[in-house]
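Take a look at this one; I'll ask things after.
As written, the chain order gives the labels A, B, C, D, E, F, G and H, with residue 1 at the start of each chain.
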Amino acid sequence: MFKTIKDLPRDEYLAPGHRLCAGCTVGTAVRQILKASGGNVVVVTATSCLEVSTSYFPQTAWRVPWIHLGFENSAAVAAGIESALKALRKKGKSNEDFHVMVISGDGGTFDIGIQALSGALERGHDLLYICYDNEAYMNTGIQRSSATPYAAATTTSPPGARSIGQRTHKKDLVGIAIAHGIPYAATACPSYPIDLMNKVRKGLDVEGPSLLHVLTPCTTGWRFDPSLGIEIGRLAVLTGLWPLYEVDRGVTRLTVQVPKREPVRKYLELQGRFKHISENEINKIQEIADKNAEKFGLGPIKE
Amino acid sequence: MKRVALSGNYAVAYAVKMADVDVIAAYPITPQTPIVEKLSEFVADGLLDAEYINVESEHSALSACIGSSLTGARTFTATSSQGLAYMHEVLFMASSLRTSIVMANVNRALSHPLNIWNDHSDAMAERDVGWIQFWVNSVQEAFDATIQAFKIAEEVLLPVMINLDGFILSHINEVLILPDEELVREFIPSKPLFNRLSPKLAYTIGVVGPPEYYYEMRYQIIDAIERSRKNINEVNREFGELFGRTYGNISTYMMEDADYALITMGAVSSTAKIVVDSLRKEGEKVGLISIRCFRPFPKNDIIEVFEDVKSIGVLDRALTPGGIGHPLFTEIVTTLYDSSKIIPVQSFVGGLGGRDITIDDFKQMYKIIKDVGLSGRRKPCIYIGLRE
Amino acid sequence: MLEIRWHGRGGQGVVTAAEILATAVVNEGKYAQAFAAFGPERRGAPVLAFTRINDNEILLRTQIYEPDIVVVLDKSLCNDNGVGRGLKKNGIAVVNTSSSPEVLLNIFPNASKIATVDATRIAIEKLGVPVTNTAILGALIRATRIVKIETIENVLKEKFKGVLAEKNFNAVKEAYERTLIFDRGGLL
Amino acid sequence: MKSWKELPIGAMIIEPGNSIEYNVAQWRVFRPVLDKNKCTKCGLCWIFCPEGAIVRNEDESYEVNLSFCKGCGICQRSCNVKAITMIKEEGL
Amino acid sequence: MKRVALSGNYAVAYAVKMADVDVIAAYPITPQTPIVEKLSEFVADGLLDAEYINVESEHSALSACIGSSLTGARTFTATSSQGLAYMHEVLFMASSLRTSIVMANVNRALSHPLNIWNDHSDAMAERDVGWIQFWVNSVQEAFDATIQAFKIAEEVLLPVMINLDGFILSHINEVLILPDEELVREFIPSKPLFNRLSPKLAYTIGVVGPPEYYYEMRYQIIDAIERSRKNINEVNREFGELFGRTYGNISTYMMEDADYALITMGAVSSTAKIVVDSLRKEGEKVGLISIRCFRPFPKNDIIEVFEDVKSIGVLDRALTPGGIGHPLFTEIVTTLYDSSKIIPVQSFVGGLGGRDITIDDFKQMYKIIKDVGLSGRRKPCIYIGLRE
Amino acid sequence: MFKTIKDLPRDEYLAPGHRLCAGCTVGTAVRQILKASGGNVVVVTATSCLEVSTSYFPQTAWRVPWIHLGFENSAAVAAGIESALKALRKKGKSNEDFHVMVISGDGGTFDIGIQALSGALERGHDLLYICYDNEAYMNTGIQRSSATPYAAATTTSPPGARSIGQRTHKKDLVGIAIAHGIPYAATACPSYPIDLMNKVRKGLDVEGPSLLHVLTPCTTGWRFDPSLGIEIGRLAVLTGLWPLYEVDRGVTRLTVQVPKREPVRKYLELQGRFKHISENEINKIQEIADKNAEKFGLGPIKE
Amino acid sequence: MKSWKELPIGAMIIEPGNSIEYNVAQWRVFRPVLDKNKCTKCGLCWIFCPEGAIVRNEDESYEVNLSFCKGCGICQRSCNVKAITMIKEEGL
Amino acid sequence: MLEIRWHGRGGQGVVTAAEILATAVVNEGKYAQAFAAFGPERRGAPVLAFTRINDNEILLRTQIYEPDIVVVLDKSLCNDNGVGRGLKKNGIAVVNTSSSPEVLLNIFPNASKIATVDATRIAIEKLGVPVTNTAILGALIRATRIVKIETIENVLKEKFKGVLAEKNFNAVKEAYERTLIFDRGGLL
């Protein structure tokens, strides 16, 4: 287990020179994930910001084997790789040994990829599925996904005379994953690197499927200054909108306690995507945080 | 070697077993299902040591196969109709990422209306995807093509699709010469393929190809499939040496001196031969061409047998609504153009959605072909057996 | 070329019967095709299967419209007149029924020979269940001599495991014995 | 640029991590300057930088590799002791 | 009427808004996204009274559109490339269930490698699906075709796909004559369509069509799309009366006396015209044909303009690996065959995955076409701009 | 609310003459569902036994409007219909008013259709999704689905030297649906018609998406005598393998109590698909029932 | 059989419930016989029959419509008072 | 035909600038095209946009390889030599920089005219944020007179709501005033 920043490996498996936006916390998250993995891993990524930014021919930012197929099938590709490795090892045709990991966006996970994910979880492949969640389709220019939070503005959930922004509530990915009976699932955020990296290790070490849902604030899509990504991630946690927890063989455990919560307003104010919202919506969002707090045992709101 | 009665589907399943496949990812669909059922049984009984992935859809089936093939596993899948259509997007990927997947496609009509019976619309709608495509005429061919397919796919690094007619071949039990497993292994040794997804290499696969590179990357597929002609012929030759049977890219019947030829694909060719025989008895110089290797398209083989023909009929079992012609017709016409031959070609459509093509239907077609040859004037596409 | 049409019900194994016969034919060195009238087969619904038999390779891949032989696995199917449809002049009908063959004359007006056997009773006796698909084979062979009964025995041994093969063969033999054959000349 | 014959097959890139050849420094409007004297070697800037542009030396000291830095300013905000300042890049 | 500068995508969005569409179900994909973004905005702002379904995939997008269209709602969707490919299976259903869906497909290359730029491989791989297909050459045409599409789709009961080149048209702002909304409404009144899913009727839709019926049911689509030629012409005529612009199924440039012709589709035609102009100045009798209505294929229109041509070049922007020829080439050759004309046709491929087709490229093509015309000998397909 | 059999409407919206197997409880279930609906409903069905058996041209068994598109998209089709109706009504273009209902199989729901379902639930369409669950792909001849129970034999989970039958456990459909935050979801079985029909009504009457998961024993695929379907369904409930419950706006409630449970053996013994299983597997299946009993408050096992 | 011109467009069947024309009685091996005297009119056979082959009359009595019955025997098993018996159909 | 290439960064609105100009041209009755060098645009990454202007309908649909005019929205982009690439002989360069135009001579060796303006300062003054895409338009118009400044005003009014239109136009005007122009003959 990683305890301090000093513990964290020096090795970088995501090379600099990728084309993610300046200030993109997806870069941060993937660096942390790959460090935790130790590099002995095959990574599958669905079409997304991460994918186009790291594999723009003739340059790759990946120092681990990596494959991208399409938008809807990263879990299926991973299942194929895992099964091939298993078969070849069993038959004595190979002595390679590596972990299989998916790192895909919220669109490729919550929406168009959820079928492949559901199937892979159900079949029990030994793989770690990581969804980095920037809460919209960013690669195509900020369209809503089913991970977009209530009231947020995106280009397909624009606010207007007849719209408050996103009308629906964020899908509960960990809840859905756990309903599949998988041994391990957790939330994380690169603003909490030790927490995130330990969860990656747990996810890799557990036998069978595991899932990590990582919140990755997006300067472009959430409309905040590029320097603020990590802070905004932290605020998501501190407001209770993004509780850090894990469900380990059926047991739910908060992994980062928030003794005094920040009001959600503080989080929302920093982001252009919430600029349009009224008090009414702010209150509703506060209720979401309060419910999370109740469910996961977070502290009360700071006065 | 054993002489048995087996269905087309089981013949494929046995071939896959003898190929000692490593990974199977497939989804059931009529009339392909017996293939995957038989393979499940082989795996459950320990007769085939493979990972069988019970995927949740065909889109995922082929996606998993790509992951598997690139990890170095000999990989098989099978599908049909709606399943093949659902794979459409991924089919392009399997070829462009240069996998060695072998797939059996049991030809069936496409919805709507829903129809589980045989025609060729599923595979014909995938004629641009960059796969090598075989079409077989008998249970024996289904077996043999499957064995050959693994060798070709692994040499050329292109996926191979074996098309067998739904029910007509897939569900018919007929004589099959089942070779000994050792002989099959000699032909296609059971070895791991190149693992392109190894941490030792850390390749990046499935990249963004910007305008400066995309064209060249896609052209590689054109090149590969053109070059595969050589491999296909060579593999076929080797197969002949070991098993005593060979197949051409096309199979011809009574074409040596034929004036009037019909071109078909798939199992109905076999019925057509009977008609050829009977017409020959009546003194008609008719012949038959059946295309076995549809991709790469065997233009030279076809042109060669056309040498002295007076008119040609093309039987399409798939439609291109609103197109200039139906798929096979268009390809044959273009072949003739390519060879600068001017021979009238009559377009026929028949046997859609399991409509039987009878002896009489074939007789009618030959009659029309002859008329066309004599008059030099072809008619618009004739829909054989359609109730007007 | 000999063409056989089998009538049964979904779940009765009529296709299996057609296949066993084809395998037997093949094992005797000849050629055969066995297939079903393809469609969504439902338990209880009438289904058709076909066997083609020939000394040489069979090229014909059309459906069978005018069979030489019709085999009916379940007599209640005779309530529908479909069973006699298309039977060639001088064709043969083989029916699972406890009735005598003559009763079937107007159902198979074209038949030159009609064979009946109470396959259901035999199946219950020999297998313990009313699965008539193997028993009826006995009657068919008796009426037509298409293959040797020993060939069927060998096929059953490949197809079924252990005692099941034996039981099924007993059903075949028993049916073979008990089959009543009627031709236009009279009961044989 | 390479002809079709020279490109690796199957849309692969076979040189891991060659993106270091891609110039992201050009993206930068502000440049981080790390004051080694103020730095407590906490490593936060290093673990938060989206680019891996902050280098952790063998002696556990940190420095910025400007060839890899896009100038987002995350490091500056991560530094509790304000050892990093962002300075405007000047064209020309 | 207003003269504005608008992108191809926005032109489509405005047309859809003016058509007072009832339901939109679409999924974002580059370079189509601005269409659905703009439509979202119209809906959010109350400028368009429609249900916007934020579907989770393109497969569902088109499925929802079918449900919607059959319930009597004017229905629109838009996609591109992988999205269109993912719809493949459902495309057949939309035509065979006789919906009136209008779809904008913003043409983009298919993976792999992933490429968001323009070519025609997405739509060309759907040339069998039974949709009416338009290909537009300018932002104005994109707007006009969208308006026309609703009328045609609702008359013929076939879905219509409007293809516009990704980026080259979709993302270019250029002059657009935006008509008044009332005029558009006059042209396509905003009325509910026939609700085939009403409890009052209790129809059963999407049935099993057994072999006895499937063939006839599919033939209805052939018939419908053939008959649609009349509607298309008529709608175009009416459009002309109201808006003062008309389009043919093909558009020709300097073809009256041309000896050498190039055939293209989509926006590059417009660049080609410049080359035609400059070659004409040099005394070369060259001309250009651009196909606007690709399905149903305008064979008669094409044959007519071919009358006195000495040689033809066909520019394909999509591939058929291992085929006898690339898609448009094959159709043109078959067209000639159909007309019994013997004119040498040179196949070109170019502009794949956003590779620019430059003035020089077009000059080179015309030069080759002329050579072919003079020598009477065409070469194998020439890959313009490919780095060999 | 329906209280007794006598309350149930006489109207039949599923005509006789459909081609479901003799003894198929899907016929029973659909009859009950449509009766409960009152007939003012548009039904969408995915490719399945139900679909091919009821719409074989030129004959239909449907007396309500019905549409089948494909195997993977029934929820999306329903969403399109619902939206069209909403739009046309809102715009004054139509005054029709009907409910939209899906009736699809487990394969079309749990596997290839789960993405469309997940999307429709998330977006909040007003529709009732009913999954009739015969625990395998029956239409294509009994292949496993992710609804197939542990250890059951199907043609793609055959028992054998290296296989116990189905290796995985049944997906928790109601759990997954509820994780989507929908207002109403429930299990049902045609062996309990009143319970089932009241749940149909609730599902139709609730605003927004609702889901019903109906167990429909299959004579052909489960291998039991055609007369036994209803009894086997009852045993599923009485053993605790199929608890009848509902989750109504977050509150889980058992709707049919089982004071004394039957041992699972009694249920398994009747079915050919479990013929191969060992004591070990029987015990594991008993554990599943026991866990259900604990979770939903069913009674102890009968002595 | 109808020509393509006569078939309804778009793979539709426009006569609701015309499956009653399809002969399922042919599927039957056993036939249910309902003894009205024993029957308590509980309705269980009616609600459980997969076919809708049991008719609930206006007077709440029940009877079997044999044209629609496939002979599965579910009704017999549903009847607590054994008012229904299954009788073998005889061919010929 | 006049061809303009715009250099900016992802997020700076360089495409919008190209579009505003095109709209202005169109509003003046001429023809224009505006488009971007298409690619995955990322915040901070250099991006290109283009405008084509003509008196008649524009048929050309190729990329722009040899622009008549280059506009640079962010001077730091001049660190890379790409900005001068392809500029036609006697072309014009317009750059957002506080430096004087002469400094840019060797970056745009082909330019006959170089205009500079401190658009960033102006944007901050007039808009409160360093979004330079509208300000630079003022400099471009000043250097080229492609359209009338009032036409730009009208386009801004359509494009932006209320006070934002005004602020932006103030930036345009201010830049127009403060632009320094150098031609090979010397500073104008």
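We adopt the following convention: a residue touches a chain if its C-beta (ideal position, glycine included) is under 8 Å from a C-beta of that chain, and two chains touch if they have at least 3 such contacts.
Computed from a predicted structure; not experimentally measured.
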Chain pair with the most C-beta contacts: B-E
For chain C paired with chain H, centre-to-centre distance based on mean C-alpha positions, whole Å: 87
Mean-CA-position distance for chain F and chain D (Å): 55
Centroid distance [mean C-alpha coordinates] between chain F and chain A, Å: 33
Per-residue multi-chain contacts in chain H, two or more chains: 39-40, 42, 44-45
Multi-chain contact residues (two or more partners), chain G: 1-4, 10-11, 13, 16-17, 23, 27-28, 70-72
Per-residue multi-chain contacts in chain F, two or more chains: 19-20, 22-24, 51-52, 54-58, 60, 62-64, 68-70, 72, 111-112, 114-115, 118-119, 122-123, 139, 146, 219, 226
Full enumeration of touching chain pairs: A-B, A-D, A-E, A-F, A-H, B-C, B-D, B-E, B-F, B-G, C-F, C-G, D-E, D-H, E-F, E-G, E-H, F-G
Partner chain B, residues of chain D touching it in the complex: 1-4, 7, 9-14, 16-17
Complex contact set, residues of chain H against chain E: 18-19, 22-23, 25-27, 31-36, 38-40, 57-63
List of chain G residues in touch with chain C within their complex: 23, 26-29, 70-72, 89-92
Touching residues (chain side chain B, partner chain A) in the complex: 22-23, 25, 49-51, 53-57, 59-61, 63-73, 75, 89-90, 93, 97, 190-192, 195-210, 213, 217
Sites on chain E touched by chain B in the complex: 82, 85-86, 88-89, 92-93, 95-97, 109-115, 117, 121, 124-125, 127-130, 132-133, 206-219, 221-222, 225-226, 228, 295-297, 299, 318-325, 327, 329-331, 333-338, 342, 345, 352-356, 383, 385-387
